[in-house]
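One structure is given here, and the rest of the page talks about it.
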Amino acid sequence: MAYTVGIVGAAGYAGIEAARLVLNHPEFELKVVTSNADAGDKLSDQYPAFAGLTDLAFTTHDDPALLECDLAFLAVPHTAALAQVPRLLEAGVSVFDLSADYRLSDPAVYEAWYNAPHTSPELLAERAFGLPELFAQDLAQAAEKHAAGKATLVACAGCYPTATSLAAAPAVRAGWVAPDLPIVVDAISGVTGAGKGCTARTHYCGADENIEAYGVAKHRHTPEIEQILGAPGRVIFTPHLAPLKRGLLSTVYLPLAASAAEGFSTEQAVAAYQETYAQSAFVRVLPAGQMPKTSSVAGSNAAQVGLAYHAATHTLIAVGAIDNLCKGAAGQAVQCANIVFGLPETCGLPTAGLPV
Amino acid sequence: MAYTVGIVGAAGYAGIEAARLVLNHPEFELKVVTSNADAGDKLSDQYPAFAGLTDLAFTTHDDPALLECDLAFLAVPHTAALAQVPRLLEAGVSVFDLSADYRLSDPAVYEAWYNAPHTSPELLAERAFGLPELFAQDLAQAAEKHAAGKATLVACAGCYPTATSLAAAPAVRAGWVAPDLPIVVDAISGVTGAGKGCTARTHYCGADENIEAYGVAKHRHTPEIEQILGAPGRVIFTPHLAPLKRGLLSTVYLPLAASAAEGFSTEQAVAAYQETYAQSAFVRVLPAGQMPKTSSVAGSNAAQVGLAYHAATHTLIAVGAIDNLCKGAAGQAVQCANIVFGLPETCGLPTAGLPV
Amino acid sequence: MAYTVGIVGAAGYAGIEAARLVLNHPEFELKVVTSNADAGDKLSDQYPAFAGLTDLAFTTHDDPALLECDLAFLAVPHTAALAQVPRLLEAGVSVFDLSADYRLSDPAVYEAWYNAPHTSPELLAERAFGLPELFAQDLAQAAEKHAAGKATLVACAGCYPTATSLAAAPAVRAGWVAPDLPIVVDAISGVTGAGKGCTARTHYCGADENIEAYGVAKHRHTPEIEQILGAPGRVIFTPHLAPLKRGLLSTVYLPLAASAAEGFSTEQAVAAYQETYAQSAFVRVLPAGQMPKTSSVAGSNAAQVGLAYHAATHTLIAVGAIDNLCKGAAGQAVQCANIVFGLPETCGLPTAGLPV
Amino acid sequence: MAYTVGIVGAAGYAGIEAARLVLNHPEFELKVVTSNADAGDKLSDQYPAFAGLTDLAFTTHDDPALLECDLAFLAVPHTAALAQVPRLLEAGVSVFDLSADYRLSDPAVYEAWYNAPHTSPELLAERAFGLPELFAQDLAQAAEKHAAGKATLVACAGCYPTATSLAAAPAVRAGWVAPDLPIVVDAISGVTGAGKGCTARTHYCGADENIEAYGVAKHRHTPEIEQILGAPGRVIFTPHLAPLKRGLLSTVYLPLAASAAEGFSTEQAVAAYQETYAQSAFVRVLPAGQMPKTSSVAGSNAAQVGLAYHAATHTLIAVGAIDNLCKGAAGQAVQCANIVFGLPETCGLPTAGLPV
C-alpha cells in the first residue's frame, strides 16, 4: 500500500538524493524519474552506486505517468518549477518543491531577486513552507488538506536557509534578538551545493585546495532567510565554497536586544534551544563548549546546532550544520511528505550517517 | 528476540563501522562496546554522527557483559585477538574476528609473517573463513554448528584480500590462470585503511594531495591472498595509499594458461563472472568496457568487479572495488553473522551507498 | 656575502616553510635548524620534498651555533619564544618571531589571553610589529636600528590577523567604520593552520569532508585583530577548519559610520583600496564583482582582497585570502627580514604560486 | 638577451604550467600564449595565481607573433600538433612538443593507436625524444643542430611514460629484465592528468573520494612505454585516477632474467640506480626500504624512484613519482629546451616543491 512517487529533475544532485531516499523508503514507491537531458539513461548509468538497486530510467518531464503519482518531488531549477506545479496539482498530485519558486510569500520579492515573473502567485497563499521544525503548523494544515483528499503544495526551504534558521530562529522567536540590527550569516557549503553543472568552479582542479566566497551581498537565499527570521533587509549573507562533497555549516551572528543581553549566557541559550528542539528527531543542540561538524551529519537528515555567547558585543553566535543534499534538500522534502501523508516524520530517513 | 552483540575494539575504524551496522540491524542488539583506551567515553563523544543514535559507552575488554552476548565482533589488532577468542568461545559466544589471527590455515605461515607464536592453532582447523561469496561451504558448516547450539569462530577476510579475491578467484577456480606464473596485485586504499592512529602518514597534511606505495614486497595480506587463490609464493602485492576516507580498489593481473588463452575474450570472462556471482546480493560484475569506482560502493557492503583481457600478453586484468571498512571489514563480518545465525544474508546491510 | 640564518622550531609547519624560503633566498644562508623533539633527524627525512636540496639536520634549541647567526626565525609555540628572544637579542641576533609572544603591546592583555606571565615586557615597547603593508614605519625603524648595528625584534603578525587586517584596515584607517559597533570576522583555514600535532581533528579521517568552527568567541587571535584595527572589545572572531592544506580566507563585516555610508559604493571602496596597496608587491585588490580564492595565493607570499558593499545594512564586506604558512607566517617573516636587512622586500619570496 | 617563447595551447593545464615556468625563467621571455577558445582573455582571468605576474592575453594559434619566437612549447591535443609543427620549424622556431604526435618512431604504430594518419612522418627520424635522463644523446644532437642555427623538434615524453621509464629503464638497460615476459605498469595520476575539460569524471563530486582505473588494456601511453623500454607488445599498462591535483606514481613490475635473478637484492638495484642517476639534478633514488611519495615532488621537476626486490617471483618492483604537469609535461619540456639552447639543465626549474 505504498504511495507512488515521481521525481522531476531527478538527474541533478538533489533529485538523485531524493531517489536514494525514496528507494529506501518503506511507504514510498519510486515510479517516475524525469530529466529532459538524460531521458533514456538508467539512473545507475550516471550514479553507479544505484547498480543493482533499481533499473529505472529517466523519462522526460512531460511523462504522463507523473500525473498518476500520489506525490512528486520537484528538483528543477527555479522558474522551471513554475511550469510544473500547477499542472501537477490539477492532476491531484501533491507536490514537494525543492526549488525556490514558491518559497517567498511575496511575489514581488521573488520577482526582484529572481528576475522573472511569478506565474502562479495565487498558490503562494496556500502553500506550506517546508521546514518542519520551525513551521509545524504549515505542515499540519497541509496534512489536513491531504487527509481531505486534496493535493497540496509544500515549498521546501533551501539549504542555506535551513541550516541558518535552525540555528537562528529560536533566538529570534524568543525575542532575544535586537529588532533593528543587522544579522550576519556566514556559511560554507560543499561542492554538491554548486550543482552538477561542470564549470571552472566545480572542476576538481578548481575546487580542490580552495576556499572562496561567492554571491557576496547578493545571494538569492538572502530574502528567504529574512522571511523566516522576520528580518527584512537586515540579513547579510555570505556563502563560501569549500572542498568537500556534502556538508553545509552556517555561522550566524545575532545581536541581542539590551533587555535580553543582561546576564545572558551560553548555557542559558543552550538550555532554551534544547527545550525548543526536545521533540525533534533530527535536530540536536550541542552542550556549551561544543560546536557542530558537518561530518557528523553527512548522509543523514540530522542537523546539529552549537551556541556561544560573545558577551563583549552582546552577540549570540549560533552555528548550524546539515548535509546540504539531505536535510538541506531531498531529506527535508521527504520529511515534509511523511508529515503530509500521515507517516512518522522519520520514516525512511537516516538520522545518522557514517561515523567516519 | 534480537541477538545480543558485543564489539571488542569498538573505537577503531572497523569497530565503529561494526557499531554502525549493528545499531541499524533489525535482529541484532548492541550491548557492549569495548576499548581499553577509551573506557568511559561515549561512542558519540568520539564519533558525533552517533549523537542521538546511542548512549552506549566504551568499557574495557574484560567487561563480563561480553561473555553474555550471543555473538561478538573482534576488531582488535593482530595477536590481541588470540587473547580473546578462546575465552569467548568457551563462554558460548560466537566470534566474528576481523583481525588476521585466524585467517591463515597454517600456523607456521602466521608465525613467519606476523612474527608471533600462534597460541591456539587448534582452532584453525574448525574456524570458518569469512568471505561468503567464495567460501559458502565454510559458512554453511558454521551455521549448522550454530544451529546445533555451539559457538563458532569465523575469521573474516581482510580488506585487500576481499577486493582482490572477489576479482581474481573466479578466474583461478575456472582453471584459466597459469599455475606457475606470478600474479601481480596492485591495490589502492583510502586512509581509514591506515587506521585511527595518528602518524605523519595519517595526518591530514601528510595524506592530502599524496599517493604512495607502502609495505612493498612484504605486506602481511600477501599470504592471505595466496591462500585464497591457491598460489603460494606467487603473489606480488603492492598496496598504495590515496587521499580519500573509504574505498579500496585492487587491480589484479592474471596470466592465463595457454589452454585458456586461446580465443579468450573480455566478454567471455564477464559472462562467466556474471554467472558466478548471479546469486550474490552484493557483488556486481560490470559489462565489458566498464570499470568499477570506489565511490560506487562507499558506505555499502557492495563490491564491483570489472574485467579486461590484454590479448598480447594473455593476461586477464580483474579490478575489484569495495568499501574497505564495510565489505572489507565490518560489513563482511555482519554478513557472515547473518549467515551463521540463520538470517537473510543482507539483513541490516546497505547494498547501496550515497549516489554522490 | 649572505646573512646567516637560524630557525628555532624548524620542524613545525611554519618553521619548515621558513626553511623552504631561506633555502631559496639569494641573500640568506640557512645555518641552523632546531627542534628539540627531532634533533639528529635530517630535514629531508621528515619533509622529503627537501631531498637533494639540503643535508641539514635538526639540532636542539640550545645549539650554540644559533647565537652566531645574523638573524633567527622563531617558530616555537607561544611562551616558548619568551625563553629564546632575550638571549638571542643579547647575543646580537636579530629575531623575527612568528609566535604570539611579542605581538600584543599590552602585557596585561597577553597575560589575560595566554594565561601566562610575560617575562620580558620591556621588549614590547621597542619591538616592531611585523605586517609590513600596514606597519611600514615599525619596520623602517627596525631597519635603521639594524643599520646602526643593533639586533632587532620583529613580532610577526599571526595568520588570521594578517588576512583580516589586510582586508579591513584600509577601511578603518579611512575612517569609514563606525567606531562603536562590533566587527564580525569569520574566517576559514586549511589544516596546516592546526599544526603538525596529530589529533582527532588533524587526522585525515577527521579533517577530510568536514567543516567545523573552533575556538568560537575565545580564539587568541582576537585581541591581536582588535589591536591592529584599534577596536578593543569589538571584534567577534570565528575561525573554521576546512579540508585543504594551505589557505586562509577571512570575511570581515565592517559597519560603516553614517557619514561614510552616504552614497558609498563597492567601486569607491575598491578604488581606495587599490590606491592604498598600489605600491605593494604582494597585495592585490580585485575589481568589484570578484572575490579572492585561496588557491590563487597558495605557495606564495601574495594576498588578495575583494570588496562588496551591502547597502541595506551599510556594511562593507571585505574578504582577504592568503597562504597561512607563507604570507600568514614564514613568508611574512622573511619579508620583514628583507626590509630590516636592507634587501628588496620581495627578495627570495614567491609572488605567485601554482596556477593549478 | 633572453630567448623569446611562445606557448601554443597555453590555456590547458600543461600549457599554463609551461607559462608558469617560462615566466620564472631567467633566460626565457614569454611573448605569445595561444588558445583558440580563450583568445582575448588574460591568463590571469582564468588562472588568478598569475594576477600581478603577467598581463599577457591569449591569442589564436595562427598569431603571426608565434613565428618570430625563438622557441615554442606545444601543449595542444594529439593530431593538433601535426598541424603546427611543420610550419613552426619552417619559420625557424624550435619546437618542444608536449603532445604525442612525434613521440612514436614508427608512424604505423602512431596510426594504429591514435586512429589518425601521420602527416609529417619524415620529421620522426630527426626529432629528439625528450626525456633527458634516458635520451641524453638525442638532446645533445638537438643542441648541436641548434648551435648550427637550425630549428629543432623535441617530442617530449608523456607523463606516464616518464615516471614509468625513470623507474624501469635502468633495470632494462642493465640487462636484468627477462626479454620475453610481460611488464606490468600500474600507475595512479592526479586529476590534472585528466585535463581541463569538465566531465562527470573531472567534476569535483565525481573525482572526490573516488579511485578508478581507466583506459584499461588500451591506454595510448602503452606503445610509448614499450618503445622506451624496448618491449614491443609486452607492456600491460593500467592507469588510475585518484583525488589529488598534481602527482603521478607508477609501480612497475619487472620480471628478472634467470641470469640476473641469481643473488639479486634490493640493495644491489639501489646502488646501480644511484650510479645511473648520480649526475641527475632531478632524479633521486631512495635507499632500500623507502618508497617515493608524490607530495615530495609536487610543484617541482624532481622525480623520485624507489626499489624493492620480490625474491620469490624474481621480480623487481620499481616505483617512480613525478608531478605530472611539471616533470611529466611542462617542466620536462623546459629542461629539454635548456639543454638544446645551451643553458644549464636546471635553469628556471624548481628542484623542490612545498615541504607541506
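Order as written gives the chain letters A, B, C and D; numbering starts at 1 within each chain.
Operating definition for what follows: contacts are C-beta pairs under 8 Å (C-beta built on N, C-alpha and C of every residue); 3 or more make two chains touch, one makes a residue touch a chain.
These numbers were taken from a predicted model, which means no experiment stands behind them.
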Among the remaining chains, which ones contact both chain A and chain D? B, C
With centres defined by CA atoms only, which chain is the most remote from chain A? D
Distance in whole angstrom between the CA centres of chain B and chain C is 47
Whole-Å distance, chain A centre to chain C centre, using C-alpha means? 38
Can you compute the centre-to-centre distance for chain C and chain D, using the mean CA position of each chain? Integer Å is fine. 37
Show the residues in chain C shared as contacts by 2 or more other chains, in ascending order. 13, 192, 205-206, 208-209, 243-246, 292-293, 295, 298, 356
What residues on chain B touch chain D, complex-wise? 182, 184, 186, 188, 190, 205-206, 208-214, 216-218, 233-234, 236, 238, 240, 242-247, 249, 251, 253, 255, 291-295, 298, 306, 308-310, 312-313, 315, 317, 319, 321, 356
Chain A partner, complex, touching residues on chain D are 13, 46, 191-192, 196, 198-200, 202-209, 243-245
The answer for chain D against chain C in the complex is residues 13, 16-17, 19-20, 23, 47-53, 192, 209, 245-246, 284, 292-293, 295-300, 302, 304, 325, 351-356
